[in-house]
Structure formats: structure tokens, C-alpha cells
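Given below, in the form of C-alpha cells, are the structures.
Shared between the two complexes below is subunit A, which has subunit B as its partner in the first and subunit C in the second.
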Partner chain A sequence: MGKRDVQIFFLLFFWLGVFLFIMEGRGSAVNTPASRPLTRRSKSYGRSCVEAPSYFWQTPGHLTVLKVPTSRGAAKSQLITNKVDPEHIALLVKNEWKLSYVTPLHHFRHTQLKSYSRHLAAFIAAENQQGVAVEVGLEAGFKVTFTAVLGLAETDEDAETVFIQIQSKPAFAAAADAPKVVWRGWLTCVNGDPEYLRSLPSDFVSLPLFCTSGSESLTTLVKTWFERAFDCNFGSLALNSTTLNWLAALWTGCHPTCNIRHLKLAWSLPTQPPLDVSYTVNPQDAWELWNSIHPEESTDDKIDIKEVQSFINGLETHFFRHFKIYLSAGTLVKVSTALGSAHLDGKIKIGNSDYITTLLTLLTESALLKMPT
Partner chain B sequence: MADLSNLAGLGSDPSGEIDSSASSANNRSLRLAEKEKRKGEADPFGLAVKYLSQVEAGTVVRGNDELERNMLVVETVALSKGLPSEVITVLLDLALSLNAGTGNCARVLKFLIPATVVPQEAIVKGVSWLCVGKMPMNAQVLFVRWVLTVFDLIDCKDNLRSIYGFIFSFVTEENLCPFICHLLYLLTMREHVHPYRVRKLLDIQAKMGRQPFLTQLLALYKVFRPDLVTLSLPSRVRTGFKNHNSTWKVALSAVQRKNKGAVLVDQSLSLDVKEKPSTRKRVRCHLCNTVKSLTEHTLNSNKKVFCLQELRSFRELLENIHNIELPAQMGSLLGSALALHYLDCVQDESASLRLNFWLGHSLQEEFLLCPVDGSSDNTSEACRFLSTILFSQQFLQEGFSSTESFLYKFLSVWDGCLLRPQILDLLSDIPLMPSFYMHKLLFEPLKQLYFTSTVFFKVCMVLLFFFLSVCLYQARAWPCVLPRTMTLSGFMDSVMELVRFVGLLASEGLRLENCHVLLLNQTLAFYETVCDMFLKYSLPLIIMPPAGVFYPALFATDSVSVDRLGYIMYRYRKNLTLAKKQEQQREQTFHISRNTYKEFNRNLQAMVNSMWNSWWCIPGSDIEIDKDLISLSKVPEPWCRFDLIHHPALFSYAIEFHQRCWPERKNVDLGSIKTGKYWNWYMEFLFNQGFDGLNNFIQTNTGHSSGLSSQDDRQPTSQP
Partner chain C sequence: MALLTPYSKVPELNTATVLLVENEEELQSKLANALVQYEKDFNVNVRLARKLPLPVENKETRPRIDLIVFLVNLLSERSLQSVESSLAHLHSDCFLGKVCFLVTDARCGSHTQERLVSVRKLAAAHQCPVLCAEHRTVDGVNAAAVRLLNILKVSAGMSPIATTALYLSSLTRCSVTSDLEED
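What follows is the complex of A and B.
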């Protein structure tokens, strides 16, 4: 009630005047330094945080041993269904996912997924009827399926994605009733920082990104089970605005090959009462702006964070010209295109499976940045 | 049963001098046996037991006075002194065989109070009588309850464990089930847990509902085989079994109290006390949930595996160090000294990583990404958590890397107030790192906190660095504690940076806080460590305090600070002299820069000039002040205001001395102290007040022993 929502839809024209100044930011892409050999203390209660090769990078709010990349490759379409079972992909594309990060799983084996299914099912059943013991392996109200989604991993260091589905079978359902899917979730790692992954001992599996869709109580149960079985810990993964900026730029860059239909951005401005701005940009215009900053035919495939910043600044400046509102004073809370959407509080949707790798790489990176050292 | 004839003799002899079973086995001489027999006959208790052992099936019970009489004899002895273990075997057999009738069965069970131990064979036999199935239900229940009561007195339990299956078969008896479950709970080992037993228990659970005894047993099964059964205990459910010892409790504890002296040491504990640990131990197991990581489980493993949290003593740890199993959640080990011993010893990288991941995650979620809903207000819990970490780190004498990196993150958001003691303690556990990182991660955030905080916090901070330095230097064998990536020179640089940083903080703090006495003293305490780095800690480093610390101490109004400064200068001189000597002798690689000597000499000169030579502001020194400016202050004889007589810190002593020397004088003339023998007396008087630091300082630097006019401010080793 105390909130004003300003819905602004308009098309952007006449870009040229606005973006002349942006051009100078180009060409300064910094390549991440080549990996250096890893050293480890003989006596370690964990890994020392200041030893080579890790650096501390002070970013607002948190600090991490991992490097925050300042440049990355442009989003490329790849026919993911050639690599991954289309049925699996279809599962990932449909839902809105809530994101969490997970510390590395101890003694997780991809070969044991069947037994994990049984254990998790028994665990959920036991938790639902406190104090009653449940035999592992009996069908008791819930059916849990662990599936390995092969092919999503990009590098040798990436562990294969694991998809978990929980179906409920009501006690009094008719035989013909199909079991209802009540919860879905998956653990993944795409293009995870190779140095980090290599530095883990072999009995750890790092699947840092955990996406869930379904009731909160089941999510909690699944997390608890994982925490007990693999001595790992979950924490919620909120995206930062830099990640959202990256997504906006990367997705816009895909427009020539795949129609992104619209670029929708949502800002929240700290006014009294709070002002939410929803800003929808014509895809062609957005792309032209992006192309003026990062020409398609540029020899360098890398996109620099400065270019991304310029792109967002450009959008904000244009908005200011029309509405005299500095969007930069607020926070970007949501980005969405036909390829997918991402919200600041850690909710994502995947719209087009062909660009899934780019999105997951970015999210894996965010999750790894949250890892305790 | 073979020894029954000899048992009687034993019963009368609780001290056990004559081991009848042994005598029969060894075929002792007939004469000895005869003697025993006679002795036994003389003893009514022995006779009674003998009689009872010979009661056969089908004996008439009703109106059998002899049986009644013997029973009474044994009962009296049992309730007053307890029964020796052999008699227990006999009586248990008598009761459960129902040879003396069902009524007597219950009666015998009720007075079956062991004096020392219960032989395991008696129980095994009892179970076999149970299997015969003749006993009425209440007798069966009574028997199992009795077993539970004396469980801790059973001498050995392995045979009992080997008939686990027989005992298990009674869980289907509805009346017996609660007691049998308890007994099984006490007996169960990992190898006893089988799918068919789990299924049986689950069937019973389905029939009887969630009974606490079943839940407890199943929970134990889950601990041993999480791959077979799973269970979650509601947090509010009462854990543990009921006590079934009501029938025997009073008599048993009375007997045990009486026999305390005679009983073996480890059994002298009363039953109540003994029962608790065994139950507790198992309950804790549920909480910690040992890892059988679902998949790893190997059924055929012959070697006995111990969970780390079951170990009680260091000795146990040593004995089982090769068969130790880590818990599923490494976090549960934090704060357990035994577990930390083990971790430190095995250097299992995965284990310490798991611990670190958990620790880092908990710290991060608790303090950095704390939920906004206010649920993190629980400071006492957070405080306990940090204290546990501190305990563990102090135990390991090394910080966890996750705490370290947490602290670096936390310092940038810390208000300097929240959980201050714990955070400062944790900070003092931080290992030394290259100076570049020290600046960025430690000094910058601390500097900001320092300059915006109260004087108390400043004192705490300097104290922190004091500890940091002490910890650093106390590691005598410092080359060994160097992180591998740090060279010696890097290490020295870092120490130097640290000391300089504290110097900077202290001098600025003293300026801001108007030379607060507490802060000054803390700073001087820090320099007391620093000045001795070369001599005490063999660090080839000598770093002088900055002027911002030196002069406030020199001109301090409290005598303690001045005395401390004297001591510090005295130690510096010792260190420098020795360093110089070593350098000349051995051409050592390290070289103390000429600047350090210069700095020292300048400070020394200033101190000697002001205190001894009464000329505190020499032209060309650090504190040169324009003469006209001083004369404006209209202080008479400004130059001697900081000598040993007029120094504000020592002024009161001079007055006192003056009063003692010339009690009749009305006009105080402090200048007269300087004349003749009075000066020496004054020195003596001053040093008798406990100013050892000043004493040392003056003796070494002015050679004062008689010296009235000793103008000599010898400068040590100032030549390059």
C-alpha cells in the first residue's frame, strides 16, 4: 500500500548521442593470470588463506579466496540436447529455482545414487512421523529419485549434476493415480574454478550450487539429510547486482542468434515509500546499445566488467533523461529475458536451454565465492 | 553343578581365602577337603546353601519347614551382607527351575543381592530357563528386571552377547518386551543388527505404536546401521529407559555400602551412579550420529571400530588409535580434547577440511550473513561458540584457517564492541603472515576501529598486540613455525611491521587520549617485550619505541611509567651491546642498522640529560624549545624541572626525603639535596622505593655508585 509501482514500458531510440563516451572503456580486458602451482602446508587445519595462489579480494560484504573474474567469454549458444538427455533438460527448464550454496560433499559417490534415494525417502518418512522408525528401502509415502544429469559438466574438474525428485504417494490414492511430484532439486557445478576444485582432496565432491523448487519444509529435510550424510553445510545464495549486470549484458549479446524478446529490468529505489521501477527495453535497442559497447565483430571474445558497467550505465542514463530518476541510486533486483530470469534474492528461471551453460557458470561462480575457506 | 558340594564352605567365607572350586579342580588333599567340610558344617549359612542346592524337582513346598528354615537363613544373610557369586548361581538356578515352587521363585529373586559380582554363566543359565517356558509371566518379568538391575555387576558380558538371538526372541512377548528391549539396548553391538531383527522390531512398533523402549532400541540400531533403519527423535521425547530396580535398590545400595571396603575398587561405585554413564554414553551416540556413511558400511569388518566420541580417556585413545572412526559431523568434535588430540596426530586432511568447512560456514552464517529477523540476537550462545573455538585453538596451539579468514572478513564490519573479549582473543591466535597481507587484512581495519573507540578499547587493543607479540616470541623455535611460504626475512619484516604498527597506534592513541595512564602502561608493557627480542627470543631485531611513546613516558606524572621506561632503556642497552659484540665477533649475517643505534643514543641522551644532568632541552635534540618561549612560562629554573628531584613523578619522593633529612626546616629547598652526601642518600632512598628500573638505568648509564657529579653519559657502542 505504501509502495508506488511505476511501470514504464517504452522503446529506446536515438542511442548514438548517449553512448559516445562509453567507447573508451573497451579493449582493456584483463585476462586472469595463468594458474600457479598449488602449495599446501604440511600441518593444516584447513587451507591457509594467504598462501599462493589465492588472494583475498575484498568485495563489499564478503571477502573470498577466489578471484572474482573481471572478464568472461560471451554467451554462446550450444545445442545442449546433443550432450544431455533432452528429458533431463526439460526438467531444468520448467521451474523457478531457489538457489543455495553447499560446501563440498564428503564421500559422495555418483555410483550410489540408488541407495541415496532409498535413504532419503526413509529419512523423510521418519521425519514426518517423529519417533517412529522406518525401514530403509520400504516404500513409505514418498518416492525419491536421484538421477545423474550427464553432460552438463564443462570441464574435467566439474562433477556431474545430480537431480533429485520427490514424489508423494498418498496413502489412500487410487492405484491408477500417478504419484505427484512435490519437490525437485539439483546440485550442479559448471565451469567451477579449476584451482579451487583441484585443491580439494579426492574424497570431496564439490557441487556448490543447489537449486530447489517445492515446499520449504521438504527443502529443509533434504538439506538436513545431505548435511548428515555428507558432512556439508547449506546457506542461501543471494545474487549480487554485479551478477545481474553480467546476466543482462550476456543475454542481450545473444539477441542476434536467439530472439530474447525483451530485456526486463527491475530496480528498487530507497525512497519513502519505496519505489519499484520496472524497465522493459526493446531487445533490438538493447542489443544495439550493447553492440556499440562491445562490437559483435570484435576480435577479442572476452567481455570486460567495464563494458558491462557501461551497458548498465547507458540504460540508467537513458532512463534519467526521460524520468529524471537516477536508477543507480537504487539496486537492480531482477533481470529477465526470454532466455531466463534472475532475482537478487536468489531465484532463477531458465528460459532457453541452449544458453544454460552461461547462466550456470555464473551461478556456480557465485556459489563458490560463498564457500568458507 | 559339579562344585556344588563345596559351595557351602565358600558361602561362609566372604574374604575368599579358600577357593573351593579351585580346590576341587586341583584335587587337593583329602584332609583339606575334610577340614573345609567340617568348617562348612559349623556354619548355618553354608549348610543352608548346601541344602538349597540339593532341592530337586518335585519337592513338596507347602509345609516344608526345613526348606523354609534354610530359605530364611539365606535370605537374612543376603539382605545384610549380600551373596557371593557362586551362591547366586545356585539360588538363581533353584528359583528359575521352579524346584522350590513358583512362590519361592519370586521370593528368591527378590533377595538375590550380590555382594560383589554376578557370574555371567548364572545369567546365561537363567535365560535358558526362560527359554524352557515353564515360568509364569510375573516371574519372567522379575527375572529380566533383576538382570537389568545387576547388569553392571555382571563380571563379563561376551557369552551373554553370544546368546543375543535367544534374548531377542522374547521381544514378541508383550509383557516382557519393555525389559527385553532395555536389556538388548545394553547388549547390542554392531554385529547384532540385522535386517530381520530390524523388521521384527518394526512389526512390533506397528503393533504397539511408538513406545519409548522400542524407539530407544531402534535408535541404537540406527546408530549402528543407518543403512537399514532411520528414525528421527522428537526433541521433546524423554530419552532413556525407566529404572526397573525398585525392588532391589534399597537392599543393594545398603549391601554395597557395607561391603565397600571389601569390594574391588572399580565396582565400589553404587549402582545408581554406575548405571548412568552406560546409558548416557549411548544417548550421546544418537546425537553425534556416527558415520557409517551409508555406503561405506562393511558388514564383515572383523576389527572393532571405535567412534571417537565414545572414547573416554587418553589411554583408550592410545589403545585404539588405529581403529578410530570419525563422526559423520566433524563439527561435533570441536571442543573435545581427545578428538583434537587425535586430529592433531593423524593429520587427516579431509577431516580437518570438513571441520574447517563447518566452522567457516557456521561463523559466516552466524556473524556475517546473519539473518535480519533478529534471531541472531542470542549473544550468549555466540559467546559460548567462540569460547569453544578458542579452547580448541589454544589446545592445538594453532588457529583454524577458517577462523582466520572469518576474522579478516569480520574485522571490516565489526563495531569493536560485539563479543569483544572473544574476538580479541581469537585475533591473538592469528599466525604471522607476510607484511603486505598484515597491512591489508589486519592493520587497516584495526586502525579504523582503534581511532574511533574508547580508551578502554585502545588499552585492549594494545593488550592484544602485546599478546600477539608474546605468542610470537614465545615460539622459541621460530624457524619451525614459519609457514612454508614465508622466508626468514619475510618473517622478520612481518614482526617489524607489527611492532612499528603498535608503535604508531600507541603514540597516536597517547596523543588522542592525553597520555592516559593505563594506555601508557600497557604500551610500556608491550615495549618491555619488544626490547628483549634479541636476548630472550633470539630474534635479530631491535626496534626502538617512537618518540610519541618515549617522551610521554619520560615526562609522565606517574612514577611507575618512568621506572618502566628506565627498565626498558636498560634492556635496550643490554641487547644492543650484545648484538654489537656478536656482530663484531662472528661477522653475523644480520645487521642492526646504524639508525637504531642513533635512535637509541638520542633517546638515552635525552633521558640522561633531563634526569641526571638537569638539562632536558638541549639544542639540537628532539625536544628543543625556544628559550624565550620557556621563559614566558615563568617557571623558575626550567632546565632542571625533569631531573631526579623535580621530575613530576618523583617530586613527592624528594619532598619526603627533604622532610626526613631536615624535619625542622620550614622552607623547602630541594636544591640542598644535591649537595654532598645527601645526593647519595637521596639516590639510595629513591631506589629503596622499588624503582629497580631507574636504578638499573642509572647504574649502567651513569656509572653511579658514588657519583655525585657524574656527568658521564657514556654512549654505548655508538661507533659504527
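What follows is the complex of A and C.
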């Protein structure tokens, strides 16, 4: 007597009889329905939030498009000094930056940077004096410089990076003292999604990643000025734990070419009181683990998200074996190596300029994903 | 390997049994209390577990389980991992309307969005509904209990219209949009 596999077909009758299940052995499998009619809605760019969960039925929404990539190329070292002025690079490295995302800027011209600097300086002076009219061009206490950092953009659609510096003289300085830099910020777009960038109307320039370092009040002033001048919106960019996992894996993969000196992971576990775990891994051991998952000699240059996840799982299992604590019950808060560090709240530090493109690509992607349409 | 089967025991009169499986054990007891205290016209037995497989010792005394609810806390990766490993211990018959996923903290931050997508993909692969619940307030827990009771009524065969679990599952199963499926 052979086994009988009964496949159940779904028929939508309103009055249903009784279904008879005859199973001998565990043979039957529930089949996913064969093709659902695929209706392609018009693509809208950006990630809309998940549909209202309070209904039983889920209508397929037009949730699309900036898809989260599941595989990406390995981190490549680049002598970025070939393309970018080393002075500019020195400005970016060795500072802790706070991240935000920006919606596309309207009528932003890279040729008018000097006039933008004067306007911004006047705006800051005016805000400080609370509404007293200030003539554009008058020497105010603040000096603003907009510089274009050429060479960071990777593809043709990326706009060039713009670096902003605000300098001011300290209150009791002598006249000959050089002004000190009190605030720095830069807008950038590296390897942004080409379809999205092409879909923008021609007046808009997209520089989705905004990094700032300096006092909060100046940051808000700069943001307000940008919002008024270019009709854009700012928002804080908090990093995803997936992004941190990617950074840990990519940076570890760079170990043979550039010594990362350590792989430090900081976890936060939701206990009472919260437990902070700082997990430092020897770079050679981390690299061997990564190599066993994604062999260096493999010709395929793409790293899949599953390999990243098994790398993190390996680290977590090792920790569990020694301390009997499940790290996956907590959240990864900070990843740092000699190449840089990234914090969940959206703070990064760039240690080495060679791998800056990979880091910026990841950050541009998360900024584009976080941006509302 | 002993699998949990849905139809191997005789049902009791006017009673429905629901099994709440949760790794962290924080929402389970609150939800169980809300389920039991809510006013309804049939008896509800609630059984709690941390993960499947259920202990073999209780096999004889355990009543027939009408609905298995997996509670997933989206803030912890471990929650999702333990649910994935528990799913292997269910007989395939259970997926015809007897399994439901309940996720909490779906609105907290960006890292829960990706976990929510993976829970939805998992549920769509098994043809089960996904409910989102808010577990920090009493109202949220009560609302989740009411929705679970609605599903439980149908799974236990107590709905007055001749609706069975099978029919309900084809209406309530989680659908994943074609763009999400392309990954």
C-alpha cells in the first residue's frame, strides 16, 4: 500500500463542507500557491512605512523600492590621495562626526559656493543678534567657508562633496590671532542608488549624507539656513544593526592589506540594570574566522549578507561558550577598528582614509533608505 | 522526533486551548491573564512554553491545542532565532490555520523593520497570519488578546458560521509583496 499524498486546494466557497485529512506517514507538504498574479504598481521611490497592522487582510501595498542590498563588493583599498586633495582628506579623518540625512536640495549650485558662504555667515550673525539687520558682506564675528571636495564621488550621478567650515575668533583674542574652527560639516553622496538619482527632477541635487562636528546650536543654525535656502529637510540618521554588522565584516576583511589592530564590539543587553559588554577580538583571529566563511581566494568579489550574519553568529557563539550569555538578545551598539568606528546613534569616526569609500557608500545607502519620500 | 500534531486528541466541550510560545517570557503571562479574564462564552485554557519541543512528560495530560501563537520581540535577534528553531518541531498539519505569529515593538527604530520583514517572509512561507501588538500598556495587551480570541474561536471550530481554520488561514495569511520577494 503506497503512501498517499493529499494536496489540498483552496477553493473559496462560502459554505464549506468538512475536509477529510487522510495522511499516512508524514508525506504531505503544504504547497505555496503557484503564481499570484503579479501586478506591478508604478514605482514610488523611498521606503514607506509598513501597512497598518490592525487588519487581518494585508493588501499588497506599493512598498518599494530602494531595496536593501543583500550583497556588495568587498572593501577595496584605494589610494584616495590620487583623486582627492590630501588636505581635504585630513579634514575628514580623525574627527567624530554626527550623521543626518538630507532630502534633495533644490537649486544648489556648486559654482555659487562663495555666495553661499557669505549668506550663511550673515545668517548666523543675524540669528545671534536676534533680528537686527545685517548687510551681506560685512565682517561679522563668524567666517564661513564652503569648499568642494572633488574626487570623492564614485559614479557619474553622484554630486561632488561640499565641505563647510565655520571659524570664529574667541572672545578675548588679540587682533592677530588666527580664527579657530568651531564647526565643521560636509554633505556627500558616494555610490548612491543610480536609478533613484536619475529619477530626480533636474533642479535637484542629492547629497543625502550630512556629517557634522561641533556645537549643537551651530548645527541647528546651519540646518535652518539650508532648509530655508534649498527647501530640504534634515533628520537624524541612526545606524542599523545590519549596517554595523556589514562594517564589522568589511573591515575585518581588510586585515591582510591594512592592519586593523583590533575588532572591538560593544553590546548592550536589556537586563536590569542594562549590561554593557565590550568584546575585543584579536585581528588575526577575526580575520581567520572571516576567511573561513568567505575565502579570500574566491574569485567572486561579492559578499553576501548571509556570510556577514554567520560571521557575527560565530562571534556570538564563541562568547556564549565562555560566558553563557546570549549576545543576540541584546543590541550591537558600537563597532570600532583602526579603520574607524561607528556607533548606533549615528556617530562615526574615520580612522584611515584608504577605505573611506566603502564606509561612505554604506552610509549613503542608509541615508537614502531613511529619507522619507 | 516527536512533533506537535493538531488532531491527535479529542477536543473538549466548549473549550479552546491556546499555546503561547515566547523566548523572553515577558508578554506571555500578561497576555494569558488578559485572555482568561476577557468576557466570552467559551472556556479558554492557556498554556505557556519557552520553546518547542514541549516536554515529553506532559504529553498524556496535555489537551488538544487549537492555536499555537509565537510571540516575537523584534528588539532581540534571539527571539526570532528561537522561533525559527521551534518551527521545525511542528507537524505540517499545524500550519493549516493553527499557527499565528504575534510581534511586539514593531515601531521601535530602524533595526526592527528588517526583522519585521523577515518575520513576514517566514509567515508568508508558512501561510500564517502576523499580528502586531503593543505590549507595554494594558490596553495594548487587551487589544491583542481580543484579536487572538477571534482567531482562536475559528481555530477551535467554535465560530457559528461554518468557518474552519483552513478557510480562515487563506484569508488571514501574511502576504509578502512581490518587491520584497525579489530579494
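In this text, the second predicted complex is superposed on the first by the 306 of 373 C-alpha atoms of A that agree within 3 Å, B and C clash if a C-alpha of one lies under 4 Å from a C-alpha of the other, contacts with A are read in each partner's own complex, and residues count from 1 in each chain.
The criterion applied here is as follows: a residue touches a chain if its C-beta (ideal position, glycine included) is under 8 Å from a C-beta of that chain, and two chains touch if they have at least 3 such contacts.
Remember, predicted model here, so these are calculated numbers, not experimental data.
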Quiz item: Thinking of the overlay built on chain A, is A:Ser213 touched by subunit B (first), by subunit C (second), by both, or by neither?
Solution: neither
Exercise. Using the superposition on chain A described above, determine whether A:Asn352 touches subunit B (first), subunit C (second), both, or neither.
Key: neither
Quiz item: After lining up the shared chain so the two structures overlap, which partner does A:Thr361 touch, if you call subunit B first and subunit C second: first, second, both or neither?
Solution: neither
Quiz item: Who wins on subunit A residues touched, subunit B or subunit C?
Solution: B
Quiz item: Which partner does A:Thr331 contact after superposing on A: first (subunit B), second (subunit C), both, neither?
Solution: second
Exercise. Could you say whether A:Pro270 touches subunit B, subunit C, both of them, or neither, answering first, second, both or neither?
Key: second
Practice problem: For A:Thr242, decide between first (touching subunit B), second (touching subunit C), both and neither. | Solution: second
Quiz item: What is the shared patch of subunit A, the residues that subunit B and subunit C both contact?
Solution: 50, 56, 58, 61-63, 65, 370
Quiz prompt | Complex interface listing, subunit A residues touching subunit B | solution = 39, 41-52, 56, 58, 61-63, 65, 103-104, 106-107, 109, 112, 115-116, 119, 122-123, 125-127, 130-136, 200-201, 203-204, 227-233, 235, 370-373
Exercise. Report the residues of subunit B in contact with subunit A in the complex, numbered from low to high.
Key: 198-199, 201-202, 205, 210, 214-215, 218-219, 221-222, 226-234, 237, 289, 291, 293-296, 328-330, 343, 347, 349-350, 352-365, 368-369, 396, 398-402, 404-406, 408-409, 412, 433-434, 437, 440-441, 483-485
Self-check item: subunit C partner contacts - residues on subunit A that touch it in the complex
Solution: 8, 10, 12, 15-16, 19, 21, 23, 26, 28-30, 32, 36, 38, 40, 50, 53-54, 56-58, 60-65, 67-68, 70, 238, 240-242, 270, 326, 328-331, 370
Quiz item: Which residues, counting only subunit C, touch subunit A once they are in their complex?
Solution: 3, 7, 24, 75-79, 81, 91-93, 95-96, 106, 109-111, 113-114, 116, 125-127, 129-132, 162-164, 166-167, 170-172, 174-175, 177-180, 182-183
